[in-house]
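Note that chain A is present in both complexes that follow, paired respectively with chain B and with chain C.
On to the complex of A and B.
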């Protein structure tokens, strides 16, 4: 080759010039170096999750667009392959098959319903594909997933622990827990019972009630027998409405504590303000004080992205950073390296692009997400998460704090 | 790609087994059963609980699932003895929903809405996912082939003839001395048993079942499969099942080619496309791709030398 160029004829020079002109005309090919990287997105676009899926999809795409604008990953552009999981485990399994076996994606992001995640997870770990999800059921991370799964949604255990800490911080010494018959009932009570004493408080009793009753007077009497300082109502809107009414009738006006989804606007409308005065509500929150949250808000053009949008932002960022860190894009590299960029002593970064820059300089990073710090346990649960507390005053929720 | 095609062929076989089962009750006997997902659930839970909780081998689990589903089918036939047409359809639909609600509330048994994970599959984990898929495909394809032969035998046998008589006119069948009730119960049991077996096969294939799986959407897919293939025809049932899986899956590859639409619009368009394909198919083939053909039976005593058909 060298010999040939040394004695280049006019013809070879022309050929070379032509080839140069050709590559010059197509800079995209040079830049992209072959096929783009494909990430899989499997999220509900139809069915019960049809409200959250499209918004999560938008948030993920927005992050990856930024990554592409900054030069892509491993010198390649990033593309997404989107499939609708129809909020149905059977349809989701078929869609995941396509993502894994045809598109051969290293990661699937975005499953929402717990049953869908539990159905898709075995496919993922058998085919060595990474999975990120918002499904909250405790059982998800207990599956034998060998590390191929992370979730950014606080599980029941984390939520109940945080609730107990907050309750103790309000000064309540004697707490009673009333739970609806649901998968989370017993685990929540067990967790609260074990955390309260460490904070100088105590669970004096707990009960599990049946749903759809017109009165819970006997349950309320049982709860008030031990004269609790605070009653924790761990149920859904229809039953919590009735219990709040019965508690008020029984003369209990002390603090009552419930999930925000159980004390909705409709509940507040249905009850007189006196019956709901002082009720404290809680919900998982995006980390609104984090710079990552501000960036997500700007990127999506919405003032307050919700918990799902911020979690989706974090998946796309975590996966991009992990690929850059591992210098390869496959499921095993993702599971082995994800914790190297999101926890530890590295420089804190709040967006994928910022982190990519530092990684390129050979620095260690610690991604802090829009939904929270994004630190994961060995089984893929997040270690910490923020919660938003409101207090009902005059029939309206008034912001208390995010902690 | 091969692994994907194999996995879809397994889905096709499971759909085909359900369509064959549905054909016995709906195609032969003319009883509309909108509750097949309920029997599917009984079969799936039957085998999952037998293998997971009681530690029995898979074969025993599948047999238990099948038998339980068949028993449930017989039970439903007795409960709905006097119902036909739309009334039967509504009751069976309600029954399937009841089974789903029970499965999400009997937490001590079915683990509630969390579902049952880690259901064993033949050699799962010991061989590669592709090998597992191929092995399972061979297994379900054999079962569908056997079911097809049995269903064909049933169709040609006097039993099938009586079911068709019941479909055309129950009273005439009764007047001809047939115990209509007994035939209905047996037909329902056979149909539910096949669908239950499909449920058991599904459980061992995907390793996970949950109440969310047993929603009416699945029932509609199988109903459409049978309609598209040809009601009353076993070959049509199998062809229709594969056709539905083909429709469901091929649209995945077509939608990204449509310019100027978002993923959300694409998902909606995909469902519209599947519906449109079925409407077109049934517009031009109202009896399905393979219409029912009645078996030709020579009648021995009539008009000597000139075989007649009935």
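On to the complex of A and C.
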């Protein structure tokens, strides 16, 4: 269903769809100067991503509302055309076709699942449409997208590198990595192995275990053979729960390190506190000290927007600023100019409106986002971002730091 | 003990522990197969029913482990009788493939009922977590030893029941030759209900034993079913001692492969061993019908 806004009656939707089809059919030259600019949003409003999609949509709209209130872009108002990708690649491809062929949007923002992004990205680069995403799989930015894609989510490589730096900073000299059999297992181990020695630590061994086993005693024996100071548990909640128990039984008292999604509140409830005492958990974090984060929080009226809301805030801001910088709204202009407004020596700005003002004065800008610095590599990955560390104490996560 | 010997001994010990737990539901599967002549995949969800019944008894009613394990057995057994009587029995006339597929549908249905009632999250039993005992360079967990004891007692009771009681002998008679048993006046329906009760009860007990060592969620039984099935087939589907030997073979085999291979090949090695056993002995190690 094509929607101009999230809440639309059937009649407005039909009218909207008709109008879209009509403008789509008209030659571009006939379009009146000052007709609204249309940005595409393709995000999961239903399915597994149905919790994050609507919140990302709200964050993007909030930024674009501000941009409109400040006079819009290139003298035109900005409108969004919203499609639900249903967290389903097949539905996403159909929806993306609609955005590209009918609405002819210069940008699609908001894909969430890696499978969806992998399916939609080729349509985007072939039609020279810019794509912004939160999908984390390393393979996404390795696609031959010719620059038509950026992602604000740290990829596995960046995450593993940061994890290794943090682990070394705890003073652990001998680290063992236990990973579940998953696409990220080997790349994570390789990255940790290469980063630890640069910080005075060492990966003394690693193993990849199968999921769904009822016990990991033998794996734990293998891990503890070399007497590690710290064990990195790179798995999901069901298996990490079993391993934490088995590590306790085996008498391991050193620190254990895991992703927050593997040591959830439910895991802490299911395990006796002594099995989880001292476990350090990590997750990507919004840049909570950044002025952009404070602005996003105010704009959305929530005290702590999460990583997804802040990333969505940054997409809408980056795209608006790039359009203003390039003085045209098409995918190629976006890809060629996005790095000119978010990295480099320009004046730091923390919101789209602030940046638009400076751009209008002919100044150079460097957008610093709510999710992080928003500096991108050539293939569209972010160079840096913050992580939140907690330490489990008495069966409860206690905030350590954001770094 | 020299390090290599200790390592092998530790792996064998771990394998025996894992295999004994696996043996309990494997016996259930093989007993049901012996009498009803179809592989009942609903065993997976009944193991989960048992695990959750034990959880309710242990965590919500505060019962100690042994009575909770009995609750697990009873709840799963009763669920087994009801589901067999009202769901699977009508399919049996249509042949064993149809019934086996119906049992897959049934297991998914029950699993989702549990999900509906308890949600998806992981739950743990109310148990003190103890450090392992260490001796001769080996280690073994007190909880594991208790589980091993429970499994061994359950198996011993079952063997005694089959060997020494009239009802047990009737079950063996039906398994051995249903027509002859009918001529002798043994009521096949009663035996079918009884074997569903005992078989699924054992599955529930096994589900709880797995949960005692780990955590439980609606997929607890589903995760174990492939190994349970493998154990029963390796030992000889239909043979109860076979199920025990099969479970130990699978358990120890999967552990010993860690000497040569990375742990992510554990299942692959386990199942390759199964192919090998079945190539050499197509009816399993003990062959079918050896009570």
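Everything that follows uses one rule, which is that the second predicted complex is superposed on the first by the 370 of 403 C-alpha atoms of A that agree within 3 Å, B and C clash if a C-alpha of one lies under 4 Å from a C-alpha of the other, contacts with A are read in each partner's own complex, and residues count from 1 in each chain.
Going forward, a residue touches a chain if its C-beta (ideal position, glycine included) is under 8 Å from a C-beta of that chain, and two chains touch if they have at least 3 such contacts.
Treat the numbers as computed from the prediction; the structure is a model and nothing was measured.
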item	value
Three-chain arrangement built on chain A, chain B and chain C clash or fit	fit
Touched partner set for A:38, first chain B, second chain C, both or neither	neither
Which superposed partner A:84 touches (first chain B, second chain C, both, neither)	first
Contacts of A:238 with chain B and chain C, given as first, second, both or neither	second
First, second, both or neither for A:102, with chain B first and chain C second	first
Touched partner set for A:129, first chain B, second chain C, both or neither	neither
Partner chain(s) touched by A:371 [first = chain B, second = chain C, both, neither]	neither
Which superposed partner A:337 touches (first chain B, second chain C, both, neither)	neither
Touched partner set for A:201, first chain B, second chain C, both or neither	neither
Closest approach of chain C to chain B (Cα atoms, Å)	5
Chain B-facing residues of chain A, complex	41, 45-46, 53-54, 57, 82-84, 86, 88-91, 93-95, 97-98, 100-102, 113-116, 118-119, 121-122, 126-127, 137, 139, 143-144, 183
Complex contact set, residues of chain B against chain A	1-4, 7-8, 11, 107, 111-115, 117-118, 124-125, 129, 132, 206-208, 210-213, 215, 217-218, 248-249, 252, 263-264, 266-268, 270-271
Residues of chain C that touch chain A when the two form their complex	7, 10-11, 14, 17-18, 21, 121-124, 127-132, 134, 139, 141, 143, 210, 213-215, 217, 223-224, 255, 258, 262-264, 266-267
List of chain A residues in touch with chain C within their complex	181, 207-210, 212-215, 217-219, 221-222, 237-238, 241-242, 245, 248-251, 266-267, 269-272, 274-275
